[in-house]
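Got some structures for you, see below.
What follows is subunit A paired twice: with subunit B in the first complex and subunit C in the second.
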Partner chain A sequence: MLNQDPVDPSLIQQINDLMASGFEIPPEKLVPSAALKELGLDSLDAVDMLVYIEDKFGIKVEGEKLTSLRTLQDVYNLAAEAVSKSK
Partner chain B sequence: MSHHDALIIGSGISGLTSAALLSKKGKSVLVLEAYSRPGGYMHSFRRFGELFDTGAHYVGSMCPGQPFHTLLNYLGVYKPEAFVPLNPDGFDVFHFPEGTIRLPMGFDRAAQELASHFPSETAAIKSYFDLIQKTVAHFPTYSFDGDADMTRSLEALQTPLTQVVEPLTQNPRLQALFYAYCGLHGVRPEDTPFGLHAIVVDSLIRGPMGFSKGGDDLTKTFVERIEAQGGRVLMNRKVVSLVVNGDNVSEVVTEKGERFTADWVISSLHPKTTFGLLTDDSRLTGLFKDRVRQLPESGGMYAVYARAQGLDWDPLQNHYFFDTSDPKEMFRERGPDEIPAMVFASLSRTSSNEGGKKVFSLHSASPYKWFERWKDTKYGKRPDDYKAFKDKLTARVFAAVERYEPGLAAKIESQVSSSPLSNLHFNGSIEGSGYGLYHSIQNTGARAIGPRTKILNLLVTGQNYLFPGLLGASISSLRTCGHIIGIKPVLEELKELGERS
Partner chain C sequence: MKVFVTGMGALTSLGTDVESTFQGLRDGRTGVRAFPEWKQHNGLHSLLGAPVGEYSVAHLPRQTRRAMSRMSEMASLATFQALEQAALSKENLNSPRVLLILGSTSGSPETLETYFKKIIERGGPEGQVSTSFFKTMNHSVAANVAAALEFNGALLSPSCACATSTQAVILGWELIKAGLYDVVVAGGADELHYMSAGVFDIVQAASRGYNDKPDEASRPFDQKRDGLVVSEGAGVVVLESEAHAQARGAHRLAEIKGGAYQCDASHMTQSSATTMASVMRLSLERAGVKAEEVDYLNAHATGTVHGDAEEAKAIQNVFQNTVPVSSLKGHFGHSLAACGTVELICSIKMMEHGLLIPNRNLAIVDPECSGIDLLKAPRQTPVKTVVSNNFAFGGMNTCLVFAQK
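This part shows the complex of A and B:
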């Protein structure tokens, strides 16, 4: 993960907005290292996240990658990867 | 108040599959059904002395060793005399303006037959059928292979049918033929997940069967089996609320005010209905609720049930009457004044279909919005303008068929019809849709809702969650019940049984 390109800040912002509005997570908790579990998100929320990200950015996320998501940074990376693939 | 291991809401094939499977595994089950008879869309009914089916016209993969046969056998509800093999030389007959194509049983024969109509497309036809057979192997609840590659099945559910077909052939008529089955689930080819299409085509080509005594007969066998295993199926028990206490549903309440408790609650109702029954939905996120609210429906169906004399149709064939073979036109929504793009004719397979007498139903797409203005009128007491509108729709359905079967209308002895409002009345499906929610790539695979929910002991099952159709709704219950009894051992047992058959 360390050698990955930094994620576009506007993408991060949009995902954070989703976390705050869609999942009612206090914005101060939205740090990249935050574990999804600690944020109260489970595998069902991951599906909603996938649907939201796909529709919002008009991209396809590989569904089976959902199970490997651990932290918020993983979500940013997954979205960034899907966005760059769709370009 | 009685307590069960599992309460199952709805007695359609998915609810019955769940109940039969769980009771087979020693769980105590109770099925609660709103209507006065069990079966959901599998139910049969009589009009002018003839037996008709609502949603059990034909099913696939029903030969020994094939998935649906194996599953029903495993559940103890397979009775050979209940099913009748369709015509192996052509079980589905596709009528297009340019000519008629009969689809025979078996991939080799089907490929040969199509090649005789499209000689320059032999390679495309072969690739298409190869892809279908390869794809279905990746679905664990269809191949019964617990180690199936889910990456591949999810991918197949993300890929639109058009994206597979267009690179294979540029011939619009062959494309139209490959898209013809989209009429069965009402999802346009550009939205249809290839994985869903592959299962439909694979199952029908390999083992097409009709119901010799109607869908009711299978329902009856299911109920007997469930009862023999200690379960119960209660009718006239419309569930009106799911009482949420903490993380779980603590009570299921019926319209009559009865209250039931269970370790697990399985709902076979549409997500809009299921989540709407919760007394407290604060465990659902806003995002999830928005998703459910916005789910589109698969569209309604207008059906004419008829008896004709002097009609030369083989009871062991279905007919698809298309008004066009333009793949862009064939699933465009048409208005009530236009001829329907497709009419599906299913013949009764009961012994009553003898000699020149033919009993059959004709189905065509008809959106709920055409009927919405009569939604507050009562079944059996609908006003004259509703009846007049139905007469108009019946006439257009006959007109579509008459193009290929001149003089049909004159041969009709008796007929009645049903609209999405009839389905709403009998089944409670949202907008009276025949196949539940719109099973596009947007609502399937990794994006599908269920079978688990945020309410820990509430699971969902049925055509809204995996695939539409009797087979789809039934296998969805394998996944659902897998969360209670573990899916791996069930798949292993199914696999073994299939190999022995």
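This part shows the complex of A and C:
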């Protein structure tokens, strides 16, 4: 877990939209506790997911943290942290 | 050891399978259309292309589709078509005696453009999605078809532009004859992009004078031809040894009698009649077929001023005026790496129907292309033995000989 602060719901929604459109994941499966592996994402998808997030929010995510991502909540937290730092 | 074709698949600008493609040929249709939107590309004079119509790869898993550009999608669909006709499943291919040979001119031109544009804009690899490279690498088509088939056997990816798939078929024939494989899935694919037209436009080999008359563009052997029209598509065949085909009761569509590939190193873009005739003679020799036994010659003739004239001279040299000749580029445009197998497949359909498809847009034969029997109208006649030429930049001359099963 990277960051325990509550994440802005609109950011969560935008990430969920990216996950649904980029990786064809049914929206009902996009819950915070969902494991990325269980959502069908592999290591290549994880790289692309960060690229999509960076492009969407105009941020730079630390690539080294990629390997620590396990659940969708981890992704929300990582994006929230990067957005916060970029302000 | 005889080698048979037992399956065929194709996506062309006339149709998304073999039957619709051949029907398009019978109807005398063209897949060429105007691309006025290409005017925005500085320096491009040829605003014509022949795209493949709608198709779907939605049945493939996302993680298979993600590394595919259009050329890999079309090659995969053509491969599935060919395997279905051959009654071979994905599981049947899991053998060290099976080889896949598939190629393209280059990696996806569309992805190459976006890939390098981003590298230049960002000064490095920042922002690249992981799958871009898998669409741009030279063996993208082969690797993606293998992935779609979950294939773990031998895989080759020859690349010699417009002769790619003919070379793949000849290579397959050689390797089956040598006893190394029982089944070879061979073919090629390419996708339409403005720079595919641009490559030929730069060397003044693409049609420029018919931008507002696409129906009349691409005119092999015609006096008013002014260059080729670039196209896209995929053509894949299943080649099988006689013993393997016989053992499983496979339906034979044609026999590959032989073929040859030779380089004309004298010029990068202008092969000569002498070397074109040489590869035809060598192919006939390797096939054990005499020139007078050939019932039809499918010419490469793309509609360029130089290439068509040289090929006509070469055909005249080898066959004199004894064999009916047509090119299908007037119908399809030039589908580059796909054209060899697409033309093989269409010629096999001609054999099946005893019907020769004529040159499209051949109104007045150029005197430089005279002295051979150029088809101007469909001809109903028994077709037992066929020769098919394909020539490519880099002096890549290829010729294939095939016959009724």
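The definition used in the following text is that the second predicted complex is superposed on the first by the 84 of 87 C-alpha atoms of A that agree within 3 Å, B and C clash if a C-alpha of one lies under 4 Å from a C-alpha of the other, contacts with A are read in each partner's own complex, and residues count from 1 in each chain.
In this text, contacts are C-beta pairs under 8 Å (C-beta built on N, C-alpha and C of every residue); 3 or more make two chains touch, one makes a residue touch a chain.
Remember, it's a predicted structure, so these values are computed and weren't measured experimentally.
K.L.:
Quick one: subunit B or subunit C, who's touching more of subunit A?
P.N.:
B
K.L.:
Let me test your reading of the model: by the given contact rule, A:Leu66 touches which partner, first (subunit B), second (subunit C), both or neither?
P.N.:
The answer is first: A:Leu66 touches subunit B but not subunit C.
K.L.:
In the overlaid three-chain picture, which partner chain does A:Ala35 touch, first (subunit B) or second (subunit C), both, or neither?
P.N.:
So A:Ala35 meets neither subunit B nor subunit C here.
K.L.:
With both complexes overlaid on chain A, does A:Leu18 touch subunit B (first), subunit C (second), both or neither?
P.N.:
Touch partner of A:Leu18: subunit B, not subunit C.
K.L.:
Could you pull out which residues of subunit A sit against subunit B in one structure and against subunit C in the other?
P.N.:
Common to the two interfaces on subunit A: residues 23-24, 44-45, 47-48, 51-52, 54.
K.L.:
List the residues on subunit C that touch subunit A in their complex, please.
P.N.:
Counting only subunit C, the residues touching subunit A are 62-63, 66, 127-131.
K.L.:
Contact residues on subunit A for subunit C in the complex?
P.N.:
Interface residues on the subunit A side: 23-24, 40, 42, 44-45, 47-48, 51-52, 54-55.
K.L.:
Once bound in the complex, which stretches of subunit A touch subunit B?
P.N.:
18, 21-24, 44-45, 47-48, 50-52, 54, 60-64, 66
K.L.:
Going by the contact rule set out above, which residues of subunit B touch subunit A in the complex?
P.N.:
150-151, 154-155, 158, 285-288, 290-291, 445-449, 452-454
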